[in-house]
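Chains here go by letter, A, B, C and D, matching the order in which they are written, and residues are numbered from 1 within each.
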Amino acid sequence: MTLSLVLSLLALALVRGTPILLASLGGVLSERAGIVNIALEGEMTAGAFAAALISFFTRDPWIGAIGGVAVGAAVGFVLGFAATRWRVDQIVAGMGINLICTGGAAFGLIFVFNQAGVTPQVPAINQALWPLVILGILLAAVLQWALSRTPIGLRLRACGENPHAARAAGIDPLAVRLAASAIAGALAGLGGVFLALGELNLYSDGMIAGRGFIALAAVIFGRWTPLGAAGVALIFGLLEALQFALQGNIAWLPSDFLQALPYIAALIALLGASGRYRPPAAEGKPYP
Amino acid sequence: MRILARAISACALAALVISCAPSTESGRGLSLGMVTDIGGLGDKSFNDSAYRGLLHAHRLLGAHISVLQSRSAADYQPNLEALANERFSVIYAIGFLMSKDLDQIAQDHPHTHFAIVDAVVNEPNVVSITFREQDGSFLAGALAAMMSANKHIAFLGGQDIPLLHKFEAGYIAGAREIDPRIKVDAKYIGSFDDVAAGKELADVELNDGADIIYAAAGKAGMGAIEAVETRRGAYAIGVDSNQDGLAPGKVLTSMVKRVNVAVFDVAKAYQDGKPMHGHVVFGLREGGVSLTNFKYTRAKIGPARIARLARIRAAIVDGRIVPPATLRALATFRPVKL
Amino acid sequence: MLDAVDLTCEAGEIHALVGENGAGKSTLAAIAAGELSADTGEIERNGRIGLVHQHFALIDRLCVWENVVLGREPRRLATIDRGAARAFVRDLGERYGLDVDPDALVEDLPVGIRQRVELLRELARDPSILILDEPTAALSPGEVERLFSTVARLTQNGVGALVITHKLDEVFAHAERVTVLRRGRVVERRPVAEITRDQVARAMIGGDIPSIPSHQPTNGAVVVRVEDLAVPGAIEHLSLHIAAGEILGVAGVEGNGQSALADALAGLTPFRGTIDRPAAIGIIPQDRLLEAVIPAWSLVENAMLGRERAAGNGSWRIDRAAARAQCTAIVERFDVRTESIDAPLATLSGGNQQKLVVGRALIDNPAFVIAYNPTRGIDIGATATVHGELLAARNRGAAILLVSFELDELFALSDRIVVIARGALRGEFTDRHFDRDAIGRLMVSA
Amino acid sequence: MKRESMKALLLGTLGVVAAMSLAMLASHVSPILGFNAFFYGAFGGKQEIAETLASTTALLFPALGIAIAFRAGLFNIGAEGQLLVGGLLAGWIGTRIEVAPALAIAAIFLAGAFGGAVWGAIAGWLKAARGANEVISTLMLNFIAASLALYLVTGPLRAPDAAGPELSLLPHAYWLPTLLPQTRATIALPIALLLAFALRYVLNRTWFGYRLRAAGEAPEAARRAGISLSRVALSAMAWSGALAGMGGAALVAGELHRFNTQLSPGYGFIAIAVALVGGLEPLAICVAALAFGALESGGLALQAAAAVPKDAIHVIEGLLVFALAARRYLGARGATTQ
C-alpha cells in the first residue's frame, strides 16, 4: 500500500468519523450533566433537514448551517425541558423525539418542496469540510479541557454525579441540565449540517443512517469523556474506511461481511474491554 | 388501576372512530394506482420514474392517480389490497419484491388489471414488465472504457443483490468489449439511502485510480455524482432517471430505465381497450433502456466515440452481442469483434 | 415531622441535639441549613449555617478539592486555579487539623476521611454555625476524639456547633448544652452539668430503656471455619472460626476488610483460601436501602427476596398464600409495625424496615448468620428488638458473625471480639473480657 | 381514576389530534376528511380491522420481549436484529421441512424463537461474562444481523426463484390460519396475547420472574440475596430475543409467507415505544400495541386518501409517546397533592 493510499484512507476516516464525533461530543455533555441522550439520531436529522431547508430559501449556506445548529439546539432543549421540568422518562422522551424528527423531516419535504424523499440541491459549504473536521477534533480537546478545568465543567459534572450535592453548593441542576441538553442538540445538529451541507448539498430521508446511535455507542465506549468518544468515533470511521477500501479487493470475502466489519470489531472490542463502563452516577435519574 | 388508566387512554383515541364511514373512490373513468417499493418516492430512480409515467397519464389521459408508499416488505400486500379494493382500473406494483404478493392478489381480484415492474407474474390479469438493464449498462461500460484516461473504471452498487448484478455484469462486459484488460472496481454501499456513504465510497474508488463511476444505488448514488464534481477528469454515469443535470458536464450520461414509458404505455393500452398481457420486455430496441443524449457532454465525448457506441448498440439490438445478465454469465463473456 | 420547635445555638458553644431516630433531628437540621423549608416559623441566622450530613453528600467521583470548592471555585481567567484550590484545601486542613490529600478521589477514601472532606467543604464556606448530623456513626474511638478536638478548635474561633447524636457518652464528654427531641417536640433542654445520663435517656424514649436478654453460656461445636482467607486488595491471611451458639464480633474502622470478609463468607466475592460453613445462612446486609430491600415493593415481596424459591416449595411457581403466611410470620414475630403486608416497604420507618430484613434472615433458623451493622440508623426500640432476636438466635445455637462500627453494640452482644485492621486480624478478646482502650488501639494499628 | 390523570389524558389526546389536524392542513387536506380516512383505514371494515390487528401483532411480540429485558434492567435496543434473525431461521425452516401443517407452524415459531434467543443471548452473554454494555452490543448486533441476513439470502441460502433478498415462499399449508378469512389477521395475535398473559404470570407468580424483577429493580439487593445477576442477564436477554424472534416468525408465516430482509419497517424500534407506553406491564402493552397498530394501519390508509407521507405517522407516534409520558408525570403530581 502506498503512502498516498494510506493518507487517503486516513482522510476518509476523518470525514466518515466527524459527524459521529460531533454528535458523540453532544452525547458526552448531556450525559455528564445527567441526561441520557438517545435522541442524537433525531437531533442530527433535524439539524440536517433544517440546514438544507434554510440554505435553500436564503441561498446562503452559512445561514443554513447556523440554522441547522440552532434547530438541533432547540430539539435538545425540548428533550432537556421534558426531562427536567416535566420529569418525563428520559429514554421515553428520546424515543419520542427520534420518531418526531425523522417523521417531521419526511413530512416537511412534502410540505415545503412538494416532493418526497429528498430536497433539491441547495447551496453548500463543501469548502468548509476540512475546517469542520478540524473544528470537531479541536472541540473534543476543548471540551475535555473545559470539563476538567473550568468552573462550568466542574459544575456540569457535579450535576451528573449528584445533583443534590450540586444544589447544596448553590448550583441549579435543572438549569445546567437544560443548557447541556441544548448544547448537545446543537453539536448533534452540527453533525447533521456536516453531512447535509459539508459533504453533500441536500437532505435526503434516511441519510443519517444510524450515525446518531453509533455516536451513542461512542459515548459509552469512550467512557463519557470527550477525547475518548472522539477517538472511538474516529476509529469507527477508520474501520468503515478500511471496509470501503477492502471491498472488491478480497474476492472470497462477501461485501456483506465487510459492511458488518466495523460492528463486529466493536463487539470484539467490547469482549476485550471487559466493561468497567460506569455511567455518571445520576444519569437518567430525574431531579429532584 | 394503572392498567385501567392506560387502557382508557388508548381507547380515547379509538373513541373518535365513531365518525368513520367508507370513503371509497367511485372510480369513474381511468384510475391508476401505484405501490412503491421501500425506496419510495424521491429515490431519484425507478420509483420516481414510474411516478413520472403516472403523472404523464394524468395529464394526457386525464387519469385519477394514487400512490401508496411501502415502509417494509410487509406493506406490499396491504397496499396492493387497498388499491384493489378501491377498484382502480390499473394497479402498478413497482419492484420485483412484490411478485409473490401480487401473484396472490391477482388471483383474488381476477377482474382488476395489474402491472408489475422488474419481475414476471404469470397470471392472466397481470402484465409483467422487465427491462434489459444489462443492455444499457453494457453501453455505459463501453462509454466508460472509452473515456477512462487511467484505464480504470468503477461500479458503485446500492445493495449486493441479484437485480444490481444485472447492472454490474452488463457494465463490466461493456468495458471489456472496448478494452479486455481494463480494470473495473465494483463496490457496494449496503444501503440505498446513505448518500454520504455513497459519496465516501465513490471517493475511495476515485482515490484508487478509477476515473469513471457508474452508480446504481438509488438516492445513495447521488453521492457518487457529488464525489466527481470536484475532481478534474473524473466522471459519473447516472442510472434509472436522467441525472445528467445534477452536475452538468460531470455526468457523462445516464443509463435511463424508462419505467415511465412502460407505465404510460400500459395505461394507454388499457384506455384504448387493448390491455397488455403477459411478459413485456423493454430493451434497447423498445426504448425501455438507453443512454441519454449527452446534452452536457457531447463535446467532451466526441463524435468518434458516439459513433462507436451506436455500432455497439446496433450489435446488441440485432443479437450479435448478448450482454451478460449475471456475474456467472460475465465470467464466460468474450468481447465480440465488430 | 416537627411541631413548634425552637432552638438556639450560640457562638462558641457545643450544643448537643439528641433524640431517637425519627424524632425529627435530621429534618430540623435540614430546615436550619436551608435545604428544606418549614411550614411555619422562622430561622434567624447570623451568617451561614453549614451542615455535615449523616450520609455524606459528597460527589464520589470528584476529587477532594473539587468537592470543597464546588460552586465557589478560585479562578484564573476562565479556568479553575487548581494550584490555589489545592493550597486552599491544604491550608484549611492545617488550620483545623483535618489532614486530607486534596487530589484523592472521594470514592477511594474511607468513611472517616470522607467526613473530614465534608467538614472541610462546610468550613470553606465560613459558617457561623456548623451542624454535624450523627458525625461519629462510623468513626473509631480515636477518630471520635480527633473530631471533637476539631470541633473544639472551631468553637474557640467563635463558631457555634450543633452536634446531633444519640450517643450519650459524647454528649456528656464534649457538649455544653443538650436539647432532647421526641416525636418532633422539644422535651428537655438544659446545660449538661445540670442533668444526668439517665434523665436524658428517659426523655429521649419517653419511658424506660428496654433491656437486652442475657447471655447464656453455650458450648457448641465449630460450624464456621475460615483458613488463610485472601481477597485481593482487601484481606490477607485471615483465619477465624465461629462455634454454634456464639456471636463473634468484628471490631474495626470501616474500610479495613470487613465488607470483603462478609462477602467472602456469603459467597459474593472470589477469594483464595478455604471457607467451611453451613449451607443455610442468614444475611443482614450493611446498607439497607441499597443492598437489602426494594423500597417500592410490598412487604410480602421483600420478605421473599433470597427465599423466592423456598416460597414455591421447590416448584417453579410462587405459592402466594405461603409467601403471605411467611411474611405475616416475620411481621408478627419480629414486631414489624405496618398497616398491611401489601404496603410498599418505603412507607415504613427505617427501624421497621430493618426488623423485616432481620426477620427475613433469621426466620428459617439458619445455622450461620452474618449481621453487618444490624442496627445502623434505627431507633432504640427497634435496636432492642434486633439485639434481642440476634441473641435469641444465638441461644438457639446459631453461629453469628457480627460486624459493627459501634463498640457498644459489640460489647453488648459478642461472646468474643476480633479486631480487624488493614485486612488482617490484629487481636482477639475472649470470654467477654473486652478492653475498650486496647480494642481502640488495635483498630488503628498498622 | 384520578381527575388530574383524566385531565392530562384528555390534554394528551387533544394534543395528538391537534397535531394530526395541523399535519393534514399542511398537506392541504381537510382534517375531517383526513380523520375519516385515518379511522376508516384503522377500523373501517373487516380488511382494515384485520390490518390493524396484523400491525398490532407485529408490534406485540417484540414489545413483550423488550419488556422482559427492561424489567430485568437491561436496555435491549436489539429487538430489530433479534426479529430479523428469528424471521430468517423461521423462513428457512419453513421451506425445509415436510411435516403436518400444525407441526410445521410449531416448528416455524420455535425456529423464530430460537434464532431470536441466540441473537439476544449473545448480548446477554457479553453482559454476563464480560460486563459489556448491552446498549452497544445490541445496537451492533442489529447491524450485524442485517448484514448477515442479506449475505445468507443472497449467498448460501439463496432461493432458485428469488429475484431479491428473500427466501422462497413457504408451502401454502404452512401459512398461519387467519382469524378473519381473506385477511392477514392470523392466529399469531391470539398466540401473542396468550404470551402476554403467560408473561404476566411468569413475572408475578414464578420465582424466575421474581428474580428478574428484583435484578432490574435493585441489582445490588438482588445480588446480595443470592440472585446471580449474570444468569438473569443471560436468560432475560435470551427470552427477550426469543419473543422478538417469534415476532419475526409471525411476520414470515403470517404476513409475507417468506423471509425477506426488509420484512420489518423498524417494528423492533417502535416496539420500544410500545413497551414503554405500556409501562412494561404485559397486559397494558397489549393495549398500547393496539393503539400503535391502529396508528400504523390508519397511517398507511391516510397516505392513500390524503397524500400524507408514510413517515408522517412517526410524528404522531412520537407525540403519543410524549403525551403519555407527560400524562404519567401529571398523574403522579396529582397523586402527591392528594
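Please note the rule applied: a contact is a pair of C-beta atoms (placed from the backbone, for glycine too) under 8 Å apart; a residue touches a chain by one contact, two chains touch by 3 or more.
Since this is a predicted model, take the numbers as computed values, not measurements.
J.: Both subunit B and subunit C are touched by which chains?
T.: A, D
J.: Using the touch rule from the top, work out which pair, C-D or A-D, shares more C-beta pairs.
T.: Ranking C-D and A-D by C-beta contacts puts A-D first.
J.: In terms of CA centroid distance, which chain is the most far removed from subunit B?
T.: Result for max centroid distance from subunit B is chain C.
J.: Where the CA atoms of subunit C average out and where those of subunit D average out, how many Å apart are those spots?
T.: 47
J.: In whole angstrom, what separates the CA-based centres of subunit A and subunit D?
T.: It comes to 27 Å between the two C-alpha centres.
J.: Taking each chain's centre as the mean of its CA atoms, how far is subunit A from subunit C in angstrom?
T.: Averaging C-alpha atoms per chain gives centres 45 Å apart.
J.: When the centre of a chain is set as the mean of its C-alpha atoms, what distance in Å lies between subunit A and subunit B?
T.: The answer is 33 Å.
J.: Among the residues of subunit D, pick out those that touch two or more other chains and give their numbers.
T.: Residue numbers touching two or more other chains: 147, 150, 154, 277, 309-311.
J.: Give me the residue numbers in subunit A that touch at least two other chains, ranges are fine.
T.: Answer for subunit A, listing residues that touch two or more other chains: 109, 116, 205, 254, 256, 259.
J.: Quick check: what residues of subunit C touch more than one other chain, meaning two or more?
T.: Subunit C, residues with two or more chain partners: not present.
J.: Indicate which of the five shapes (line, ring, star, complete, other) describes how the chains touch one another.
T.: Per interface graph, the chains form some other shape.
J.: Hey, which chains are touching each other here?
T.: Chains touch in the following pairs: A-B, A-C, A-D, B-D, C-D.
J.: Which residues of subunit B touch subunit A once you look at their complex with the stated criterion?
T.: So the residues of subunit B in touch with subunit A come to 40-44, 69, 160, 185-188, 190-191, 193-197, 199-201, 203-204, 207-208, 219, 222-223, 226, 230, 246.
J.: For the complex, which residues does subunit C have touching subunit D?
T.: 266-268, 283, 285, 290-294, 296-297, 301, 304-306, 308-309, 311-312, 316-318, 320
J.: Using the touch definition up top, name the residues of subunit B that touch subunit D in the complex.
T.: The touching residues are 1-14, 16-17, 19-23, 38, 40, 66, 68-75, 77-79, 81-83, 85-86, 96-97, 99-101, 108, 118-119, 159-163, 190.
J.: Touching subunit D in the complex: which residues of subunit A?
T.: 82, 86-89, 91-93, 95-107, 109-111, 116, 205, 210, 213-214, 216-217, 220-221, 254, 256-257, 259-260, 263-264, 266-267, 270-271, 273-277
J.: Which of the residues in subunit D end up touching subunit B in this complex?
T.: Residues 1, 5, 9-10, 12-13, 16-17, 33, 35-37, 39-40, 42-45, 47, 51, 54, 58, 147, 150, 154, 162-166, 169, 182, 184, 251, 255-258, 260, 262-266, 277-279, 281, 283-284, 287-288, 290-291, 294, 297, 300-301, 303-305, 309-311, 324, 327, 331 of subunit D touch subunit B in their complex.
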